[in-house]
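Take a look at these structures.
Shared between the two complexes below is chain A, which has chain B as its partner in the first and chain C in the second.
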Partner chain A sequence: MGQAYSTIAFDPAKCDGCGKCMTACASVKFDSTDTTRSLIQIVRSGGASIEPPRPGEFELALCRQCADPKCVTVCPAGALGKNGATGVIDWDASKCVDCLLCTIGCSYAGIALDEHSGRVSKCDTCDGKPACVPACPTGALRHITTARIYNEVGSWEDLFAPGLAGCQGCNTELLMRHALRRVGPDTVLATPPGCVPGMGSVGFNGTTGTKVPVFHPLLTNTAAMLAGVKRQYERVGRKVTAMAIAGDGGASDVGFQSLSGAAERGERILFMVVDNEGYMNTGMQRSSCTPYGAWTSTTPVGEHTRGKSQDAKNLPMIMINHRCEYVATASTAYMEDLYDKLDKALAASERGFAYLHVYSPCTTGWRFQSALNIEVARKAVESNFVTLWEYTPESGLHFTRPVNDPLPVADYLKAMGRFRHLSPEQVEHIQNKVAENLRFVRKIAEQADER
Partner chain B sequence: MHTTDYLIAGSSHAALEAINAIRMHDGEGAITVVTRDPHRPYSPTVLPYVVSGRSTPERVYLRDDDFFAHNKVDYRSGCALAGIDPAAHQARLADGSTIAYRKLLLATGASPVVPPIPGIDRVDYHVLRTLDDATRLRAAMAGSKNAVVLGAGLVGMHAAENLVKAGASVTIVEMSKQLTSGYFDEVAAGMIEQAFLGNGAKIRTGHRVVGLEPGPDGATLQLDNGDTIPADLLLVAVGVRPELGYLDGSGIATERGILVDDSMRTSVDDVWAAGDCAQARGFFTGTPVMNAILPDATVQGRIAGMAMAGDPGLKPYPGGVPLNTYHFFGRHAISVGSAAVPEGGRAQVRFDAASGRYLRAVFDRDERLTGIFGVNEFFDAGVMAQLIVRRTDLGPLRERFFAQPLATGRELMSQLWR
Partner chain C sequence: MNTTTTEAAAHTVAERAPQLMLVEGNEAAALGVALARPDMVAVYPITPQTSLVEKLAKLIADGRMDADIVDAEGEHSVLSVLQGGALAGGRTYTATCGPGLAFMFEPYFRTSGMRLPMVMTIVTRDGITPQSVWGGHQDAMTVREAGWIQLYCETVQEVLDTTVMAFRLAEHHDVMLPVNVCLDGNYLSYGAARVEMPDQAEVDDFMGRKDVNWHVALDPLRPMAVDPLTGGSGGTGPETFVRYRRGQCAGMKNALRVITEMHEDWARRFGDSHRFAPLVEEYRLDDAEYAIMTLGSMTGAAKDAVDEARAAGEKVGLIKIKTFSPFPVEALKHALRDVRALGVVDRSVNFRWNCGPMFQETLAVLYRLGRQLPAQSFIGGLAGADLTVATFHRVIAETRALLERPAADEPVWLNAKD
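Coming up: the complex of A and B.
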């Protein structure tokens, strides 16, 4: 398998051209205050029309550490090479003959002449700890380290069988494969009715769809059964993770009483909810997690109704009120965040009840193209339609991916068919609901900060 | 008889890029490389630095044995291609053996031209194209007091500088009126000339050597005006030309090089050519040209490899653009594109005597960049080449571009990146 690498990402919309990254780089790399020597160069964008350019009218020239680097291919001295372990294009000063051919090869001005030394210079990502990134005050520069997940997870065993019958582009399949990979083989899995067993987790013809023990509780008793199984294992002295992968219907409606009971008793289980905002497996009926205005087969769009007329229940906030060991919301559009939370939930499930609520767009029920799942998931977060946070009894609630400059919720709603019929008033209702929800969660977060 | 899916003749830039491109698309097909050179791959471009001692022969190799093992390449050095039978899909090697191929790439580069000067066969002279040439020249340079370099192209000039620095008295003889013509304009060439003169070199431009005689320490050159110059070291660097004897009887069309289309295909089926041996479309002329430079060899090698492997991502060759970088006595010169001013276009020039910065930029009638040349004025040649190849309209930015080619070039490219 190939190797993934960390990278420095630039968001031009956030850059105001302050140049602090260049100051940091010149200082760290050359002990100089001359920003022309910086290996990251902020330039005005070609689209900038007035002088000086406004925020958002900047671009950068920086080595992209290409996978298929042209500078390397044109170097006659073998002085440049892609480092297979770090992904960085390494420059060997002792081999370089200063011919400048690499500056012909690169179309991005990623390697250039440092007139001071008379030699070429390029970004080496500061050995994986870029000095420019923390110097950026606006968040325009980010160091993306998600590659770690790809590299690590790739070597873990996928504990679901191949060939599950999920819909094309299904986010739930992606999520559950990742989650079970992380939680590992010493797991007993409960998958109540819903898409997860629907696509085959409990198997066919006497074989399971997983490589770990799996059972199929009722919608109503998942948490109770799983708690019992876990206690039995504890009684015989075996350390296993008891994990549920349940849909939002199974958790927030008919299964809620056993969920609430297990949480209140502090059962040592990891309960993951895959929230696709409805009973999608059985024909797309509404659940208490279906948002206001959404079309489902039981909240149709016609002469009298215009989609669901009630707001969604905020289940993760309710779980906080059980003072669980750990409660968090997550999204597959933010894998690093998701993995971080999986790690914490797993650890917490050894002490008490761990609850992980993952928003999971549904191509079939929400009506969008199968290639757009992560896009939709990301827009949900970027518009604050859903918020990503975590809670522990000790430190309270904290946002893990705060969005301070959200997209209008209409951008999110437009990304799918189930909201196509909305009137402007309905969109406004939803926008207000987003604001209210956010205020509510923020209040709790502020209390945590006061402690 | 050895059989292979891909047979590649040559082991330099064009060949190495073709291997990369083939392996990107076809992980398994058998690749065999036959090369005339006895060594592992290296670049001719690095040789002046082997001559000067800046680099050493052991440190210039571009690939190690692991690379070939890892990429499942059967690498055969000291093994020259001697003939091709395209109908039978067979290649004959210099040792008389035969290899059957499915697809063949000719990446055999070019060799120094040795002009037919009367007497040249009776004197000892040097050329610089292979590692062995470089080692031999370096050894000879150590004892040289009177060196003559024939030809003032970049290879000759670089060698002349090395000889000057090694303490020899150096004379450069060049047929045309100007040094480095074809790379730099008169002004830039004048700066180069001054630097050489200032460092004690003698320059005889506008002169031809009409005869060579063995002399007391080496050779004696006779110029067309009757002057004679003694040389204990003679370097012939008047240009390069592909050696294509192996094509005899193959029916593969050639002019000055092997004619290829925009996917580097030759006139016969299942044979491609790339690099210095190929004659491909020129970006400015639209007709087949020789553009014997390293970056173009890699581009062509890549395209040929993709075409041979059937990679659907192949984009046709945009046409060759001249691109050169050159250092002389601590200064650098960069040339990108065509020096000629197109009809209706214009050239802009600036020179700052104090800093020695010189810049000339050429635009066509639609304000698009067609060439840019600088001495001691650094700009990103790769970005400039993109602006030319993408025929970018500089429009209102042209003045700013000329004042600050580095910053403005990056700024323009930033728009094209996204």
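Coming up: the complex of A and C.
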């Protein structure tokens, strides 16, 4: 498994060209107030102008710490090299012959002649804590550390077989591979009828799709069966994780009694619901988690009906009222958040019932291009259609990724074919429902803050 | 992981129990369960089973039984929890009846398909609707195509003994099937009788080593996919599915032999007061011209009636079915060998044939026997109605009449007002 690295990301829409990043860099690297010496340069597109700058007008000149760096390739002296540990392109002053070929090789103006020293200079990310990023007042600069997860978990064993038969670009497959890789091999995995066994987790005709013991519970009894497994191992003194990867239909509809009973009894289970908002495996039928207005094959769009006429059941909030050891919502668009919650849920499942509700856009059933999976997942959160939070009985509910300046929900809805038919009134209904849900969750979060 | 019997020896129900006791059928079942030392019992109350699981809970609370008790939120989860426990290697038990069994049906059917050795007492109750909480055999009869072994008890002692034996039967490698011990709601469940407690050490020896999930397991040390998709029309799907079903049938067939051997072993260890006919009991049948057939607790009254009829010079005998599933074809053929007329009393209804279920099964045996025999279906004891000695005198008289005239197509509805 290769190494992945962090990077400094730039959002031109947020940059107003204030230059504070350059001030910070010059100060930290050269103890200078001369921003021309800064290793990060913000430049106005099309050159200087007396017109007031507009958002999106500024560009970034900064070393991208390329994976396949041209500056290294063109250097005749071996003075530049990719550091395998940090990912930074290191410059060795003792070897440099000052030919400046690197400055021509780089497309990003990431390495340039420093007039003061007469030699090239470039960003070294301040040993992983770049001074420019906290100096930025608008959030246009971010030090993206998502790569940490890849480096940490990339070498962990993927406990599902390659070549599962999910739809192209399936978000659920992405989620379950990540989740089980984190939870590890000492696990008994329940995958009730739905997309997960449908793509082959329990295999077909004597094969298996999973490297841990795995089974098909009934759609109706996942939590109860897992409880029995876990209890027997506790009885004989063996530490085995009992985990479910269940669809929203089985959890919120026909399997709800079993789920509720196990949660009330505090069975030591990690119950992960993959919420693709319907019975997608059987051809996109409505579940109680299907949102208002959504087309499904049992809430079709016709002269008399315009998609589902009821709002979705808020299953994770219901699980909070079981006083579970841990309840959280998550999204594959926020992997660090997801992994953090997996860690907590796994630990909590040794003490009691841990419930993880992961929103999982369905490219087939929601009608969007498979390449847009993460985009759709992110917009759900950015519009507050989905809120990311976690709950424990001790500390109550806390938002983990609060969105205070949300997108209009229409931006989310229009990303998908299943909402294409919505009337303005229906969109308004959903927008109101988003606000109502948010008020509801916030109220509970405020109660936690008051403690 | 298997627990040997010695490891669990600290807890026993027998040590502190008097050797002779007066107990109700439900308590006898609970004591039998405790003697068999299950790892896990899952419970949910339902009339007339409730006092059974209450007794189990008390035995565990008092430390006389070492088992994990799961108070599940319904029968569906009761059986599901136990499936998980069995797949992780535990010996498992529950009890239910009537609507509870109906609610349980989805995992119930699956238990036999996964060949999970499990014991469940059915404290039999009639089917609803009409609404009733009283005894009858309709619940157990309704699930007879679900692949469970079903043993019907006549007495409270037989309930206790059969319950222990059922665990060994279920776990026998030639069987590997779940077992229902059926005891009549109300009559046996609440009927108190004298019972002798078997010795715990001898029971431990009888039970042998627990071996529950050698064939199918959810265990990280032995990772496997439990119950992958099979069937369909392609690949090895159909033949895999057929192999499962044939295996279930083979286990059922083997069970007839194992039940017989087990009853013999049990009686040898514990004495004649623990001797019960394993498959079919032949009562005063040697020179009988005609016979009546019974199932469960009604047999006591029926035997009294037969005794009185014998005293009056009637050549009548009695055939009691203990093992209803698998149906004991050869044993029943043997019992019927010289009988010239037959009356079969059922406490449930076969709606397809307008007769009792046991009657209908017996018709198939008569075909195998190759002998025409006038036989009459009697249906009685529904929803707790009494089947008294007087009732069986009527059954005997109407069966005797078949020596002279053919049987009616209609069942005789005992307890009916017409």
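Note that in this section the second predicted complex is superposed on the first by the 436 of 451 C-alpha atoms of A that agree within 3 Å, B and C clash if a C-alpha of one lies under 4 Å from a C-alpha of the other, contacts with A are read in each partner's own complex, and residues count from 1 in each chain.
Just so we're on the same page, contacts are C-beta pairs under 8 Å (C-beta built on N, C-alpha and C of every residue); 3 or more make two chains touch, one makes a residue touch a chain.
Worth saying up front: this structure is predicted, and the values here are computed from it rather than measured.
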item: Combined model on chain A where chain B meets chain C, clash or fit; value: fit
item: Touching partner for A:W156 - first (chain B), second (chain C), both, neither; value: neither
item: Chain B versus chain C as contact partner of A:A77, first or second or both or neither; value: first
item: Geometry of the superposed three-chain model: angle at chain A (Cα centres of chain B and chain C, steps of 10 degrees); value: 140
item: Touched partner set for A:V188, first chain B, second chain C, both or neither; value: second
item: Which partner, chain B or chain C, touches more chain A residues; value: C
item: First, second, both or neither for A:S260, with chain B first and chain C second; value: second
item: Chain B versus chain C as contact partner of A:G209, first or second or both or neither; value: second
item: Contacts of A:R238 with chain B and chain C, given as first, second, both or neither; value: second
item: First, second, both or neither for A:M225, with chain B first and chain C second; value: second
item: Which of chain B and chain C A:P197 touches, first, second, both or neither; value: second
item: Partner chain in contact with A:Y292 - chain B first, chain C second, else both or neither; value: neither
item: Overlay on shared chain A, then closest C-alpha pair between chain B and chain C (Å); value: 37
item: Footprint overlap on chain A, where chain B in one structure and chain C in the other make contact; value: none
item: Footprint of chain C on chain A - complex, ascending; value: 185-188, 197, 202-218, 220-221, 223-233, 235-236, 238, 240, 257-258, 260-262, 264-265
item: Complex contact set, residues of chain A against chain B; value: 41, 43-48, 59-61, 68, 70, 73-74, 76-78, 95, 97-101, 103-109, 112-113, 115, 118
item: Contact footprint of chain A on chain C as seen in their complex; value: 1, 3, 39-40, 42, 68, 70-74, 76-78, 80-90, 92, 106-107, 110, 217-220, 222-230, 235-237, 240
item: Chain A partner contacts - residues on chain B that touch it in the complex; value: 13, 16-17, 20, 24, 43-46, 49, 54-55, 59-62, 294-295, 298, 302, 323, 325, 327, 330, 332, 334, 336, 378, 380-383, 385-386, 397, 407, 409-417
